[in-house]
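Next come two complexes built around subunit A: one with subunit B, the other with subunit C.
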Partner chain A sequence: MLLSKRSFMAGALGGLAFAGLPFEAWAQSAGGGTLVIGSTQVPRHFNGAVQSGIATALPSTQIFASPLRYDDKWNPQPYLAKSWEIAPDGLSVTLKLVDDALFHDGKPVTSEDVAFSIMAIKENHPFKTMLAAVDKVETPDPKTAVIKLTHPHPALLLAMSPALMPIMPKHVYGDGQDLKTHPANLKPIGSGPYKLVEYKQGDYYTLEKFDKFFIPGRPKLDKIVVRLFSDPNALLVSTERGEIHSAPFITGVRDIDRLEKSQNLVVTDKGFEGIGALNWLAFNTKKKPLDDVRVRQAIAYAANRDFIVKKLMGGKATPSTGPIAPGSPLEEKNVEQYKFDLAKASKLLDEAGLKPNADGVRTTLTIDYIPGGDEQQRNVAEYMRSALKRIGINLEVRSAPDFPTWAQRVSNYDFDLTMDTVYNWADPVIGVDRTYLSSNIRKGIIWSNTQQYSNPKVDELLGKAAVETAPDKRKALYSEFQKIVVQDVPIYYINAVPYYNAFAKGLGNLPTSIWGIASPLDELQWVTPPKT
Partner chain B sequence: MSTLESPLAVAESENAKSAAGPSRSASVAELPVAKAVSPTRAALRQFGKSPSGVAGAILLVLLVAATIFGPFIYHVDPLEIVGMPFAPPDADALLGTDYLGRDVLSGLIHGGRATLTVGAVAALITIVIGVSVGALAGFFGGWMDSLLVKITEFFQVLPPLLFAMVLVTLFGAKLSTITLAIGVVSWPSAARLTRAEFMRLRDLDFIKASRAAGAGSWHLILRVALPNALPPIIVSATLAIGVAILFEGGLSFLGLGDPNTMSWGLMIGQNRNYVLDAWWAVTFPGAAIFLAVLAVSLVGDGINDAVNPRLRRR
Partner chain C sequence: MTLLVHLFGKLANAAALLLAVLVLNFCLIHTAPGDPVQVIAGEMGGASAEVIASLRAKYGLDHSLIEQLFTYLHNVLRGDFGYSYYFNQPVLGLIAQRLPATLYLALASVVMAVVIGTLLGVASARRPNGLFSHAVTVVSLAGYAAPVFWTGLLLLLLFGSVWPILPVNGMSDVVHPKQGIAHLLDVLKHLILPSATLAMVFVAQYSRLARVNMIDVLSADYVRTARAKGLPESVVIFKHALRNALIPIVTVVGLQFGNLFAGAVLVETVYSWPGMGRLVYDSILRRDYPTLMAVLFFSAVLVIAANIITDLVYRLIDPRIRAGAR
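After this line comes the complex of A and B, so read on.
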């Protein structure tokens, strides 16, 4: 009785979703049904080859397949590549592609497409270091691609993740048009589990099951609709009401609390390890008196990370103590913690020659923050004003009316202290190095080394680690790097951004891999479809 | 009220010079009460007869006194984190704490200083710009009038809140910029009012008489016409204070408040996301703004009644 009711429900749902398709199309599929995702992140287009960020990564990883995918323990899994082999000298990687992968237009996926995509991503993707080591891609046969490197590049394996390396059909994207503005970025054709059927700009987009997806029996869902919300509160209400079955990227402590209280939702912070979003306080290390490491250390001792994470962020955030995000296998926990110590902070300032004047003021500094994110950014900036007052530093909070204003100030070094949020993007070469390499002090570019931090030893360590293929040696190099950077305090690390994802209780096989919802949702399915 | 005294007294003496003045002050002079006492006294007496005006004045005095003397009694820095975030009102923090753990009562006291100062200064700016423009336009007429009216219209067609937001965005969210921005966007109505008064006055006989007696334009504007145009301007100035307070609240609500100076608007703007967790952090500053705007509005109405000769005959 229950079973028949359930299959009736699934049928009814499928029928609703596929009004235009014949009866058999949905009757065959096990599970089926429609998943509605709600997001405030509006994608500019759907092609992750030329656009970073989670707004594009979510649809791009459904539409495009990539050579590899990852489980929840950072282990690479076969995807378009059924096997991969790294040459002993580390200078080439051979990918064997699956035999029966097709693009949404019915043409087969070949090594030509892989070669084209890798070179196109190297050319066009904002993460320049990600594929800089790739020299060329050879295609000895249609199902074999050999990536040739100029030097060993261990980050390549993570760079082959769904969010970072969508394999595009050469016959569509290789027509000579500029890839960044290619019309097919809005009408994408990939080989992933879902194809894009409709996009109403800024309103919603609809992904439909690709019947000829190369993994048999997948995807489980018939359809994914992503509804775009301009008002986060409306998204919350819709999620509570069950109109939205998945709300990824929730960061507000009170929003998380609210959704956790709902009977119909499962709320999890799993699935964001790959992105590795860190929230921190950055210093302009070239500006007096912050050019003195003792002043920066004093500020670090005066801030109470415990209070920020537990009280201001309601215990939902994970404290972070170094440049590599918590949860990464490369994170070094054994670094200076800067435990709250006002006496030590004052002593350091005295040593640095910043003596208090008659009013007890040692110096006046400013702090900026990214507008929009109150809990992660503004509140911490205001907390810092109060915290630094105790050691005689007058901190003036500078608000910015919009993101470009803030980015303009910080990237042109017109700041003393600033709050910032920067993503690790899984491998340090992709998302960490850019913040610390002295060669990446590039005026006018946000999320480069805007701290103007420069330490030859750090440059050397990062250079060595980038080409070290032995995992334990690489880890040792990054450990040393983390200890030095934390000691030098170009940045005071506060927390990992608490990204949470709410799912309807009836869903099974939730995406808990390191890339979470920015990876193919081909296993996600309705165990108990929602009542309509 | 002392500001009222001298201009009206001047008006009185000017009226005495003129042969016949059917202006407001002139009709005041015809009244039996006004013959015995100065017009300011009369206005004050009339004001005292308006219960709402007196209530507003008392409320305003209390609010101003609280913000002036409060900090000497209650020594808590409004920007300092003194406890846990969202602590409800209790013995430690009488009105609770906000999202950072800052004292709400201290915020009210210090914030009131900022808010009331913004209100008063912005209203002053409004009146100074508005009266200058309006007086010149109304008194001289001709090309000067059409030019100034064009400028006034230009400012009038811009949505004031959006215009103020642009100014604050351009010049930074500081209390001084916010005050200036409010003044700069609110003057057109004062200008139109003043212009209308001056156009009415400039052809009246007592002005003509002064002119015939050799008075220059500046003397006529400042010493003869302005005092006679003052009563409606004073009323609009009082109301402008209330509008400016609301404006400051609105800008802060939209995230354009000065984060380094506590004000009532800033308290509401910053705490509004947490209203379900900590009603006290929003409710008290909200009530304070309500009371302040109510007080100045009542006072404004009271003054209006007091200086309006038609009402006085009742």
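After this line comes the complex of A and C, so read on.
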């Protein structure tokens, strides 16, 4: 097996060299091969229509196609929809579907399937605001779908991304069973570049090229195997050894450093702008003395973002200064930076009436963090303890044994300060608003407005921006929102989580769009296949 | 006949014990903070009160704990272990997929630990104060004292990175799947590191135990008689002495099964071995009660079964017990 493959390659190379073709030309035309991805994220199932998160998005975007896809500059590109048109009043969007798209079971993709999927996602997807504006989807002909909206909804374009809007065959998923527990979520049928052929629960899953994929000549790879690791060290070692060709979602500084040293790997942090994971310090704004904005501002001035990002995180993370993730076209950089300033911090605390006692202590507070991610969470919490000591705040670090314990505390407002990581999910309406809208203060629900932050002006701005179709005006509304929120400090922004991807050097057309590896890998290919 | 009565008694005991395990598991798990609906709602990125209420109703979490406990016991007695909140599958199916891998790992480790430990013990008993004997003591105690996940990581780095000759993840080569004998060899190759890691903890105990017992037995009269008869040394050691020295080891093997499963959880995590260990870990993080309770239940079944089997084996190698001394 081993020998025959090598000798075949040698033969092919020799023949081409003889024919006078340059090596690159041969390499570019060569398709096929197997890609092995290693991940520590175990998917619940494979249907992104009813499940958010990157564990499901990775396979779901290979198996299901969506109306649109995105490049690395936030521009929508045709996918299942060859064209899309927004009505001047912003109340309907017309999609023209490609003619020859088929599902894995051979049936054609029609506007009926699109209509069914959009309504099913609205009904079942965790992100309720994503399609809340959709009233119904009309299907004038099999290749035209018209999405009718109750109010303009500019977030819809990003909501049609592969990670958020998988188009499901109605004849499979529309059989009346509850979509969240549908058996076909584990045996999915989509129209994407790869089909699922095997899932060994908790061990690996195998995706195989779909021969009748609607984009000619794609996908380039024959097979993708995703191997599930329970220990990040084993994943690193296997990647260094070349047994794993792609390791996505690596966040540890030392891990990134180590992989960057490897001769056989390309390591990049491109391709996660869409997900926009922010790492921040949140305040319980209803609890004394944190209900005073000056106290929160003082804490922000006493924390040294530069030190955290450059030293604690080894320079691998990108600093973030506001609620919209760096890299998003809507990010406003011109906000209060809270440059490290202890004198200012102390002055603010004095003004707020927090005078130091005989021991120099002004007040005692606690800080929580999400267990499991030490570099992004625990280390920063520990750092904050020493940082706040300098302005006379005694900060106690409270650890939680596991995620549910932490979530219970924070969602029931049993906290003073907490570290947190929250995703933007491309459009503010999908992933940002939930943290700030006063209507989203919902006890018991993690990643709602657990800061209990409430500012009528912010509510108004977010409400307007959600329905504003003119890009410039929308951007201006979000700019104002960002400035206010940063000034009010319900949250002190620290950094964007450094998600790194390691790829084997022999791979070409790396997935660097805003959705990274959570988008179809139909162009990814072996330029220099690995020796087996 | 006495054997049957004895076995029956043991099984009745086991049934009572398992019932206690079920109730205790239920209580312990439900007193932990956080609940599954919270995790699911969190992953949804926020859910309305109605969604939360409907999730609670769906999983029966809206009833009182006592009611939930009796429903659970009732279902389990009918063989229904429920539906995993998190993995959206019947729990029994999940466990059936994972159990074999854990069993392979546990059995391979036990066999490895007993064989290597006993041989080392026997060898060092021959010259209890020799250099070899001391070396065995030091090395095996080091293996015993080191936490198993740490030894696992070191072995992983050694044989995965520094001297990359062994696979370090999973149970088989999934890129080039093999069939028949080749598949079996592939699985065995993947089994080497995890089982060696787990065995290391137990080698120390067995070698110490074998050494002490062998020293004891080798000074017994019947050994001297055997030697006086002019039997070859190998026959004296392995046939006359070892058989008697083995009895305490078998006892300990049975008692150690609980520890073995606890260790397996950690080893499985290090080597991504697709057994029940990873399932336990994921279910704890998700407060996936049905899965967690079923995994604990089946672990208890395995440990109890191991104890009953030990008891039977014990009777097999020690005729004195068979005669009804106990």
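The rule is simple: the second predicted complex is superposed on the first by the 502 of 532 C-alpha atoms of A that agree within 3 Å, B and C clash if a C-alpha of one lies under 4 Å from a C-alpha of the other, contacts with A are read in each partner's own complex, and residues count from 1 in each chain.
Following the convention adopted for this analysis, contacts are C-beta pairs under 8 Å (C-beta built on N, C-alpha and C of every residue); 3 or more make two chains touch, one makes a residue touch a chain.
Source: prediction; values computed, not measured.
Student: Consider subunit A as the common anchor and indicate whether subunit B and subunit C clash or fit when overlaid.
Tutor: Pair status: fit.
Student: Once the shared chain is lined up, is A:444 touching subunit B (first), subunit C (second), both, or neither of them?
Tutor: After superposition on chain A, A:444 lies in contact with subunit C alone.
Student: Does the superposition put A:45 against subunit B (first), subunit C (second), both, or neither?
Tutor: second
Student: Considering only touches as defined above, state whether A:396 meets subunit B (first), subunit C (second), both or neither.
Tutor: Touch partner of A:396: subunit B, not subunit C.
Student: Counting only touches as set out at the top, which of subunit B and subunit C does A:229 meet: first, second, both, neither?
Tutor: After superposition on chain A, A:229 lies in contact with subunit C alone.
Student: A:270 contacts which: subunit B (first), subunit C (second), both, neither?
Tutor: Once the two structures are laid over each other on A, A:270 reaches no partner at all.
Student: Using only C-alpha centres after the superposition, what angle do subunit B and subunit C make about subunit A, to the nearest 10 degrees?
Tutor: In the superposed arrangement it comes to 40 degrees.
Student: After superposition on the shared chain, which partner residues are touched by A:181: those of subunit B (first), subunit C (second), both, or neither?
Tutor: Second partner only, subunit C.
Student: So, does A:171 touch the first partner subunit B, the second partner subunit C, both, or neither?
Tutor: Once the two structures are laid over each other on A, A:171 reaches no partner at all.
Student: Who touches more of subunit A, subunit B or subunit C?
Tutor: C
Student: Would you check which partner chain A:254 touches, where first means subunit B only, second means subunit C only, and both and neither mean what they say?
Tutor: first
Student: For the overlay built on chain A, what is the smallest gap between any CA atom of subunit B and any CA atom of subunit C, in Å?
Tutor: 7
Student: In the complex, go through subunit A and note every residue touching subunit C.
Tutor: Checking each residue of subunit A against subunit C gives 1, 34, 36, 38, 42, 44-45, 51-53, 126-128, 180-181, 185-186, 200-204, 206, 225, 227-231, 233-235, 237-238, 240-241, 243, 402-405, 407-409, 411, 423, 425, 431, 434, 440, 442, 444-448, 532.
Student: Once bound in the complex, which stretches of subunit A touch subunit B?
Tutor: My answer: residues 252, 254, 311-312, 371, 374, 378-379, 382-383, 385-387, 389, 396-399, 401.
Student: Residues of subunit C touching subunit A in their complex?
Tutor: That would be residues 32-35, 38-39, 41-49, 52, 86-89, 94, 97-98, 153, 156-157, 160-161, 164, 167-171, 174-176, 268-272, 274, 277-279, 281-282, 284-287 of subunit C.
Student: Which part of subunit B faces subunit A closely enough to touch in the complex?
Tutor: For this pair, the touching residues of subunit B are 79-81, 84-85, 99-102, 168-169, 172-173, 255-256, 259-260, 273-274, 276-277.
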